Amino acid sequence: MDELIFFINRVLISGTVLGSIYALGAIGVTLIFGILRFAHFAHGDMMTMGAFITFVLAGLVSMLGISVGIPTAILVMPLAMVVTALIALGIDKGFYAPLRKQGVKPVTLLVASIGVTLIIQGLIRLIFGAGTRSLYGNEPKVIFRIDTAWMGGSRPITITEPQVFMIAFTIILVLALHFFLTRSRLGKAMRAMADNADLAQISGINTAVVVRITWLIAGALACVAGTMLALDVALMPDLAFNIVLPIFAAAIVGGLGQVYGAIAGGFLIAFAETMSVFNWSTMLRPFKDIMPSWLAIPDNLALVPTEYKLTVAFVILVITLLARPTGIFKGAST
Amino acid sequence: MSFDAVIDVKDVTKRFGGLRAVNKCSLRVERGSITGLIGPNGAGKSTLFNMVAGNIVPDSGTIYFDGQDITGLPPYQLFAKGLLRTFQIAHEFSHMTALENLMMVPSDQPGEDLVNVWFRPDFVRKAEHHVRQKALDVIDFLKLGHVKNELAGNLSGGQKKLLELGRTMMVDAKVVLLDEVAAGVNKTLLQDLAANIERMNQELGYTFFVIEHDMDLIGRLCDPVIVMAQGEVIAQGPMEEIRANPEIIEAYFGSPVEAA
Amino acid sequence: MSTASESRWFDLDNPVKRGVILFAGIFILIFVVGLIQGGANAGLLLSQALAYALIALGLNIQWGYGGLFNFAIMGLMMVGGTAVMLVSVPVNQSFWAGEGPMLLGRAFLAFLVGLLLVLAARRVDRIGIRGGWRVAVIALAWFAGYVIYRSQIDPAAAYIEANNGFVGGLGLNPILGWLLGGVVAAVIAYIIGRICLGLRTDYLAIATIGISEILRALVKNMDWLTRGTQTVSPIPWPVPLPQDYQADGVPIVESFIYARFGFFALLLVIFAAIFWLVQRAYGGPWGRMMRAIRDNHVAAGSMGKNVTGRQLELFVLGSILIGMGGAILVTFNQIFDPSSYQPINHTFVVWVMVIVGGAGNNWGALLGAMLIYIVWIISDPLAQVIFVNISNWSQSMGWGAIPEIDSRALQMRVFILGVIITIALRYAPKGLLPEVMRRES
Amino acid sequence: MALIELKSLVGGYGGVPILNGVNIAIEQSDIGVIVGPNGAGKSTTLKAIFGLLKVTSGAVVFDGADITNAQPDKLVPRGLSFVPQEKNVFTSMSVEENLEMGAFTRADDYMPTLKWVYDMFPPLLEKRHQKAGELSGGQRQMVAMGRALMSKPRLLMLDEPSAGLSPRYVIEIFEQIVKINKSGVGILMVEQNARQALAFASKGFVLAGGQNRFTGTGAELIADPEVAKSFLGG
Amino acid sequence: DDVKLGFLADVTGPIAGFAGGMVSAGNLAVDQVNAQGGILGGQKLVSITADGACSADTAGPAADRLVNTEKVTAIFGDYCTGSTIAAANTAAIPGNVVMISPSASAPTVTTVKDNDLLFRTVVSDAFQGAKAAQLLLSQGVKEVGVTYVNNDYGKGLADQFVKSFTEGGGKVAANVAHEDGKADYRPEIGQIEATGVQTLVIYGYENAGGGAILNQAVEAGSFKLFVGGDGMAGDALLKSRDAASLEGMILTQSSAASGEVYDIYAKLATDAGLVPDTTYGPQSYDAAFLLALAIEKNGTADREGVSKALRDVANAPGEVIHPGEWQKAVELIKAGTDINYEGASGPIEFDEAGDVAGGIDYFVIEGGKIVNKGQIQ
């Protein structure tokens, strides 16, 4: 039984948490790609920025001595989302809108977003320094240890409070975004613009407004993703920049512009990473006694060494793309 | 009727999802003819062209070109065998000038090989001069002289179609597939184009296979005319016969329009 | 068009004048940097900038000519670096004297066996195994091949790492290594191209990023071949080092200048030759064909161009330059350090160079590489000047200094680079030297 | 008063002007047809009315108000509607969503209009949940027109609505246009099927080189031997 | 007028997280020199900072700027091994400039052909790994799992630890690399967990992957004992963590000359508003202070002779100088007395190759505090 619990802890929960992290980032990436048709490289740093804004607000709130049942960071997150969304809007106004007006190629916007990445990174380091902080401040991080005696286990199933929040938020956001895009008038206008911007304009849709709303949503999403990530790991200036490649991989392998694709892609990459270095020898241990003696189970029976963890994820990515050239959910392409 | 078929399509099928766009279709195009292909929208005409020209691979069936099985060969190999096509929706090279659009067409240009470019500049230059002269002639013929330096992407809808047609005049092809070149082209200019197609057919021996909704043009140029509907060939013969067929009138021509 | 603008000498709409003006600007920039930083430093900047220009030229061939989203630049540079390291560092006698070669030979045989298995599995349709079963057999063959190869390479690697450090080099001329770097990168690019070139735009980009990461993981962790994180140095130079001049009695400052400009001169000759070839190809029918394929590959295919073949040609050609550039940088820095390769510093920055410079224009790639590289290097002192002053100012205003100003000011160099990139794109969205349209008179 | 009037319109895409003084006037009851050689500036004229390119001199007057260089999203609520020559449907959206997009600027209930459009183009009702990208050429053209009609326009502008359609659909589309016009919508369209279109046009304009060459009723233009020879293919 | 000391620091790039603290520690030394009467008869010691970005491509030009443009007398830095060697080869060695790295701990640095110009105040990984293995074995730990950051530091340390531990009769059930900057290390931890070991040895950085692994391992709750190297040691370790969950954790770090030398430094640093125990902070302070001493000893701002002077002031015999005792040192040098600096990071005796030997202290977390248990014998 303990082996199964171990599997749950190390593969199911771990993979789900990592998958949620990737998916949370990827829905923002996929939204911007779906509507504005470019790979917004700075999304990772918008996530980091969102986390730092939450950090500042949480600091203010705890200075006021307010404390409720949930972590302060989550309490202040709605406000942080608004702030991040407004900054995202400003970034678009300042950097991308002038380029779009000139009708540049998507790759030029991508390169501009690399510039924006560097600017955000510099500013965060200037203001907050390069060190690591904790969004948990003075509060303890609640760890749920679910006793498994009832199913004959001796070890608990472990999951932390931010992880529960993260999984919940991922599901809520993906569903909300999907329904917003397919059901609401504005959401449809956004899809129309993604499909054919000229025709959308001819139909009387104010495309400038649509772009603005896209950035507001993307900024808010980035803030949630960054805050969740910082709650689970720690808050540092290169928080999301380090995982921006797997996030993009998730968005792309899921199919660019496809909200459900972000989840599929995120989980595919995450589970590929997790399972490839999972030590399968544990799972075989119950069969130790019935195995022939010449077939001793080695201590470590992982598919690849951990150095190659991301490599496996990328191999899966390449294979998936070869089988489905525009991602699992048939994404858009420029 | 001679039995010298330059294109011979046998039992070709292509499905898109549940839809059989082309369904067990068989037809032949005689060498030296101008064969018309008509049929309602969505009949599968362009899909058939795409398969003959190698742009899509049929699900089943065989296509022969000049007696050879060419099923599934990529377009560039078919081009080398002398098969050239135009696209219904103009496929111009939008970031190149109109002139360059024509100059890139000939495939045996020595300048397309790096060794020649680097080490035999004179050879390349001579060939280039030749190609340019030809392209200029074609462009003048199409009355596009004033936009020859314009990016093809900036041309008007009809001008793009003309460019599409102009490509066919850049090379000596055995067979040319024309997919609705007339749509969007001014009728006066179309008269000249039709005359030119006839001339190429008679003087140079080109075979044309033409999809067209302009019945005047089909009537003027084509014999025989093949009628497709729902992925299948439903009739074949000279235009007068087709025009007289009541079923085709019902399905395809409709009743004449009344003035407002 | 108007005559008024033609008469202005600073007419930025005229491509030639624009190029001359911008290059004059770059030369002034280099000159000023040289004045402030000294000749030795300028020689170093120029050499590295030119190596990056070679890489940018490679990417320009792939993206500017062919519209191929290659984001595997880092991986190809690492491959080039590995090649020059293996060619030029001295022979490791202990490796050749020991069991290592034999073990590696066995691993190579195992690799061949694995390869044969996979190739054979791909042909099982001949014996009537098709569809899902065939895929299963192929997957099984891959797995078996992997296990067989690992079973041989793991002990070989362990043995070499334990007894010899790594396999060592061949002790040959570094220039040979640069060539080999190009060749190996070409081979890898050929394989990548065969696998991935069917993918479009962003999908191709992420696939190549993935492959780049795979290459990085391999080079970084194959300690028996590359020493991995333990680094290899010094990598010999093809021209005399400052120390060599000093041994002949040249004073230190001059010795730096001689050595650096010696290297730069060699590089310049190579670069000029390559640039000429590339430029010439692009100007002719070959370039026209490539632009046509970039524009509309469906139409180009129907016009008789072998699209996949030509794209592969571009991909390989560009990768040769990227591999060579990577090799040259390793030689110049005299160290091969797999850990110091980062996607942002090696892949994305080259994209920035090409896009800011002007995709599809070789002069633009050269200009962009020079500009971005020099900005990156002088952003170090520049950021300090700016932000230390800001800090002092804010201190004098009574708002307190920026804490840890020394390091934070330096961290702002990425900010400065970011600002330069966005400003450049803002005012020259098609690049500083945009692709020139060829028009007949 | 004319529903729409172009007064000596000059404009282009930057660089040399394409339109060199175009004059057009249409009443609400009119079907106006623009014909002319390729590259004459016909499409450019429609785009200029709809604010899709820069007009440098001259004016566009709609219903007495100057709308020169106004943005499209301001024009749709005023009662203008435009079907471009190509790319005129949202391919990844369903037929009904395409039509809804046409009613985007309307605050009132558009269900009656939707019903009206479905009545006019019965095939669309059948395919209402199918993606527009999966339709045949003729059905796409119907979607495009339906989308334009959803805003309840007073002026409908069409760029080569019959191009690529089989003769039967050409007839059908023209019949619909006449019907729409009869329901009180002014029509301004560009056609290369010029004879057929001029046959029911109340006003015809021949454009060449960005300028008016001939203006008259449809019948007059067909009858004019010079127009017929130079522009209508003899 | 001014004596220039180059600071070649990797403040951007992968180790940006703690490079800032190292620069600050170095500047503390410079400030003390200036506060206590300056260098070479009252001149001001100034630090010129340049960014190596932990990358060979960037470190070369940065070092070159210090050597050829700023014309510094000596260089404190670089931090990463690769960039240190690149900087040395490109500029410092041909420019005859002494470099002291506070953190390039890979064995390779020993073998660079450096004309006796390249030094380091960090103990070679080989040494610390061996000592940690001895300690654990002597405490009866027989089976461990190891995870190391996949760079020169982590791998060097882990390799040596595994070697010594196995030779001493212990068993390393799993030896797993991790990359810095990932969001999730549970699979790595899981691989070790799966072997059932109760002791986890982490060779990584507290404020990067190592710290994240520690957190996630604590959350997992399947290890009884944690062990860390100097990259994990430091006050920051307990700052954002629940000390109770780390009770008993063992940390190794090169020892101060005697117990209180580190405390001297810690007080100086705290007074200056710095966190004393940032990663490689003490080593950085020592490197900068030693360079200042060497220049003073050399008697001129020229580069020639700094290398020899450095050995003189660092190595025994001589009157012992502690962190902060600049004025005392200057007077002794003026008097012609031989001095011997014993620093915050250890006694610092440079050997032939410019490496320090030094002892290794170990620390245990007891009752929510990090307690120094003295040198590992």
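Which chain is which? They are A, B, C, D and E, in the order written, and residues in each are numbered from 1.
Please note the rule applied: a residue touches a chain if its C-beta (ideal position, glycine included) is under 8 Å from a C-beta of that chain, and two chains touch if they have at least 3 such contacts.
These numbers were taken from a predicted model, which means no experiment stands behind them.
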{"item": "Chains in simultaneous contact with subunit C and subunit D", "value": "A, B"}
{"item": "Distance in touch steps, counted as few as possible, from subunit A out to subunit B", "value": "2"}
{"item": "Longest centre-to-centre distance from subunit D, chain (CA-based)", "value": "E"}
{"item": "A-C against A-D, pair bridged by the larger set of C-beta contacts", "value": "A-C"}
{"item": "Greatest separation from subunit A - chain, by CA centre", "value": "B"}
{"item": "Averaged-CA centre spacing for the pair subunit E and subunit A, given as whole angstrom", "value": "35"}
{"item": "Rounded Å distance, subunit C centre to subunit E centre (Cα mean)", "value": "33"}
{"item": "Distance from the mean Cα position of subunit E to that of subunit B, given in whole angstrom", "value": "74"}
{"item": "Rounded Å distance, subunit B centre to subunit D centre (Cα mean)", "value": "29"}
{"item": "Where subunit D touches two or more other chains, by residue", "value": "none"}
{"item": "Shared interface positions of subunit E, touching two or more other chains", "value": "11, 16, 19-21, 150, 177"}
{"item": "All touching chain pairs, where touch follows the definition stated at the start", "value": "A-C, A-D, A-E, B-C, B-D, C-E"}
{"item": "Touching residues on subunit D, where the partner in the complex is subunit B", "value": "13, 31, 36-40, 42-44, 85-86, 136-139, 160, 163-172, 174-175, 178, 181, 192, 194-196, 199-202, 229-234"}
{"item": "Touching residues on subunit B, where the partner in the complex is subunit C", "value": "53-55, 74-76, 79-80, 84-85, 87, 91-97, 99-101, 103-105, 107, 109-114, 117-118, 124, 127-128, 131-132, 148-149, 151, 167"}
{"item": "Sites on subunit B touched by subunit D in the complex", "value": "38-42, 88-89, 143, 147, 154-159, 161-162, 180, 183-191, 213, 215, 251-260"}
{"item": "Footprint of subunit C on subunit E - complex, ascending", "value": "7, 9, 11-14, 16, 19-21, 23-24, 27, 47, 49-51, 53-58, 60-62, 64-65, 68-69, 80-83, 85-86, 89-90, 93-96, 106-108, 112-113, 150-152, 155-156, 177"}
{"item": "Partner subunit C, residues of subunit A touching it in the complex", "value": "33, 39, 41, 95, 98-99, 102, 104, 106-108, 110-112, 114-123, 125-126, 129-130, 245, 248-249, 252-253, 256, 305, 307-308, 310-311, 314-315, 317-318, 321-322, 325-327, 333-334"}
